[in-house]
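Read through the structures below before going on.
What follows is chain A paired twice: with chain B in the first complex and chain C in the second.
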Partner chain A sequence: MEKPITGTMKAFMTGNEIVAWAALAAQADIMFGYPITPQNEIMHYWTRLAPKYKREFLQTEDEISAGFTVCGAVQAGRKAFTATAGPGNVLMQEPFGMAEAMRLPIVAVIQQRGGPSSGTVVYSQQEVTLTTYGGNGEGHRIVYSTSTHQEIFDYVIKAFNTAWKYRFPTFVMGDGYQAKMREPLEIYDPEERGLAIEPARPLVGLPGSIGVDREPAHLCNIYSLEEELYEVVLELDRAYQEIAPQVVEYEEKMCDDAEIIVLSHGVVSRAADDAVKTLREKGINAGYFRHITLRPFPAQQLRDAIKKSGARKILVAESSYGQLMRLVRQEIYGETVEICGLLKPGVGIVDHDIFDKVKELL
Partner chain B sequence: MSAVQPAMPKSWYAPSKPHKFCPGCGHGIVLKALGEAIDELNIQNQTVFGCDIGCSLLSWNFFAVDSTQTHHGRTTPVMVGMKRANPELICVGYMGDGGGYSIGSQHLVNSAIRNEKVTLILVNNTNYAMTGGQLAPTTLPGQKTETTPYGRDVEKQGYPTRGPEMIATITPDGAYVARATVSKFRQMKTFIKRALQNQMEGNGFSFVECLSTCPTNWRTNPQQTWDFLEDQMESYFAVGEIKSPFGKGEK
Partner chain C sequence: MGNLVRVALAGEGGQGVQAAAEILAEAAYNEGKQAIYIPNFGLEQRGGVSVAFIQVSDRRIGAPKFHKGDVVVALSHRAVERTHQYSGPDTVYVYDTSFQLSPEDLPPEAARVIGIPAVEKAKELSTRVFNIVVMGVVVGLTEMVSYEATRKALEHKLGYKFEKTPELRELNFRALDTGIEMAREALKGGEVIHA
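Presenting the complex of A and B:
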């Protein structure tokens, strides 16, 4: 079978198109999807590309089904994924919860749209709480937040590897702007770059003969006793905490002497990066800190940045009304730095918004 | 205690026996028919058994076949995803009337329309038994449940769902659809076996509803239990093959 990508190719693509190419490059076998804006073109590109490379697609009856079919497919040992947004992400919390409980290596791309409810179809960063801690569990998930089109390609590939290596449900969170915007990037075959592709392993339909050379696999997802579940959840957490240091990612710039650290994730980080540069040019010691993983959260790294800089203030800039800020508060509890917000739910943030807010705060 | 183990299908998982269903429950009879069918078709190693929530969840380690569990109503999409991902597997979904006809009805209907190559076995005992005996889509007119304490009023709660008849209407040729009853074991086993064969041959969607008993929630003694099954349920829900690619249906 011909590889979808050979060598490194320059591309000028929308974020959604990149997701489809990255899933191909990551050797994803099958996508299950249900239409919702702004993720639709992921399916559009996948359905055009997939048959050429013997990959599969099913448009399900709703997002609940899309999530659960992914849960079934990964148990059969195939790399499966879905993509959704907003109310679709709400419906998928049910299968995502099951993936969390059973440690299923599912991958989901979340292209955030405005909320609550149907909100807008355009853009937002309001699915942070839902994607990190949605469902009736403890948030044992891995959530990447991308800020450039190059990162969409890199992190979708990484998400499949992370999911199958560590067996926690893994999410790549973008937004409507990243989904629809076109930008130059390089697409490549990961193996040619020395990036190993994690193999898929089945949980059911195992080789061998039951009762002869193996026991049947009995995957349990509901427990009779409180104590049984307690052990399961503690084991989930133990495993999660063990892998967290290997998974956690962040980006930090100019924090060594920062009076104020601008904290952001996703596409807003582009504005934060520009704003911090301009502030520095104006003689204001601003620093930049970005969460690439929202789960696990780079808490110690942020505490270290606060400590070494001696920053008096943090400015959390996000297109939601404090979802990242709440995560920050809980993760760095006890720090005396003042936490301020530039909170614009469902609205884009540009560099001068951050620049002006920093000037006002100092 | 006797050391003699009663005869059971090879595909049953002995360490989980005796099973956990209530005395008089029909689930054990349905699962015996399924076990014998798996044995006779020699598909123990390729079969994946997926169970729903409700009393059916107690079957999660019933078989010596690879087995999985999910949420209420979601067994159908889990098995569909599994089958689509690896068509070599023989995927059997096991659910109750609530899981299949109510909370999971959109999955059942659309999987049937798409003619998904899975086998679903739905146990109809006319109530939500695990949660304490509430109204089910299959509760008979006038039947008392915890949420219809004065009996099912068809003006308020509608008529019982006739699942196989609906599925036969919406499936293309190649689908296998039947209704069995635990009162006719050999016939039920034949239907379940055909529903498995139909998947193995790749013909299409395969569905068997099994009329079953729930003396715990019906609050019936053995005589009343059997009477309710044979006299009332079987006269409302016609037993037989409704659609079969294996020639003329057995009534």
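Presenting the complex of A and C:
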């Protein structure tokens, strides 16, 4: 079949359009979705592109159904994904929980919008708690947070690979700014770059006789005994902790001698990067640390950065009222560094905001 | 900051500010510049105030939004109210003169405030090209993209319409020229009002 992308192509696209191209490049078979701003154009572009490459789309009756159809498709061995935001992300927590329980390799793109409730339609970073630890489980999920259009392309491809390699539900979290803005990037065929594409495979209905050729493929999300569930959850956690070091990703700059470390994720990291550079130019020893994975959390890496720098303070900059800051507090519990916040729920943060806050703190 | 130019373009939903911003961003990208354009809008399908944020630079652009623009353009009375916050001490603030503004309606901070008769000029051509006139004004004021690149991006964006109705091509290019000319006149000081 014809490849959607050959070689490397320069592109100037919106983040939503990139998601559709990346899903094609990752050899996704089908998207299930239900409209919500600011992710609608992922569906629009996918429905335009998919038929050309024999891929499929189904618009379901709501987000709950979109999530569960993804859960079903991946069990049948189809590389399936969905995309949502805000209240849609809330509704999808039920199927996402099933994906956790059954270790289903689903992929979901979350374009955060403002909350609570319908909030605003374009931007926030207020879906961190929901995407990392939403649902009635223990957060056995993988969550990437992108900050550039190049990363949206790279990490959507990576999300499919991670999901199918490790069999944990995998999320790529962006926001409406990233979804709607246009920025230059390169799109490419991953295999031509030597990047292997993890194949999809059926998880049920496997060949051979049960008990003779293979163990039963018993995917379960409900148990009769409390003790049974207990064992299952502990096993999920053991498997999660085992793969976490291979999955965890972060970006660190200028932390060796930093007095203060600016901590951020997603689109805010762009402002943090500029702010730290300007602070350095003014002779202030600031460092930059970004969580690329919010789950698993690069906790040891952050502890190491604090230790080697001897930083007195951390500034968490985020477009939410402390959702990343809470993760940081729990993950680096015991460190004596002072944790401060530049917390602006639902609004953008620019480099001057961070620059001014650091000056105020030192 | 690598010749960074920040523009906020605000109008009523349906006035075409997002389309104009998209063409400008594409023109900048085609010229090998870094460009970021993000739309901001409310829940309304039509009729709300729609703001487009455009940044063009020779270098990588950080945050996609900004607090204060170099040029802020407001095309309706409500858009003026909505854009006060984006006008700072270094901002060239532009509004359309087709609606009545009292001095207290204008933003408290601006380097200069310029009134332009974009609606009126567009009527002489066709109200369909109003946003292209405004786009011309932005190009004339900022020179953030070259004239040639703007024409090419316009052709790319609207080429399919030009194919069906060839006279639209000439009309759009005239609208662009009209906008640029208006900006040049304004910069000469002819229509400048100091805030």
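Quick note on the criterion: the second predicted complex is superposed on the first by the 351 of 362 C-alpha atoms of A that agree within 3 Å, B and C clash if a C-alpha of one lies under 4 Å from a C-alpha of the other, contacts with A are read in each partner's own complex, and residues count from 1 in each chain.
The rule is short, and it goes like this: contacts are C-beta pairs under 8 Å (C-beta built on N, C-alpha and C of every residue); 3 or more make two chains touch, one makes a residue touch a chain.
Predicted model, so just to flag it, every value in this text is computed and none were measured.
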Per-residue touch tally on chain A - higher for chain B or for chain C: B
Chain B versus chain C as contact partner of A:V122, first or second or both or neither: second
Which of chain B and chain C A:A311 touches, first, second, both or neither: neither
Touched partner set for A:V70, first chain B, second chain C, both or neither: first
Which of chain B and chain C A:L236 touches, first, second, both or neither: neither
First (chain B), second (chain C), both or neither touched by A:D273: second
Touched partner set for A:I349, first chain B, second chain C, both or neither: second
Residues of chain A that lie at the interface with chain B and also at the interface with chain C: none
Residues of chain B that touch chain A when the two form their complex: 10, 13, 44-46, 48, 50, 53, 57, 60-61, 63-71, 74, 77-86, 88-89, 106-107, 109-110
Chain A-facing residues of chain C, complex: 22, 25-26, 29, 34-43, 61-67
Residues of chain A that touch chain C when the two form their complex: 12, 121-122, 177-178, 180-184, 267-268, 270-271, 273-274, 348-352
Residue ranges of chain A in contact with chain B within the complex: 29-30, 32, 56, 58, 60-62, 64-65, 68-78, 80, 94-95, 98, 202-206, 208-211, 216-222
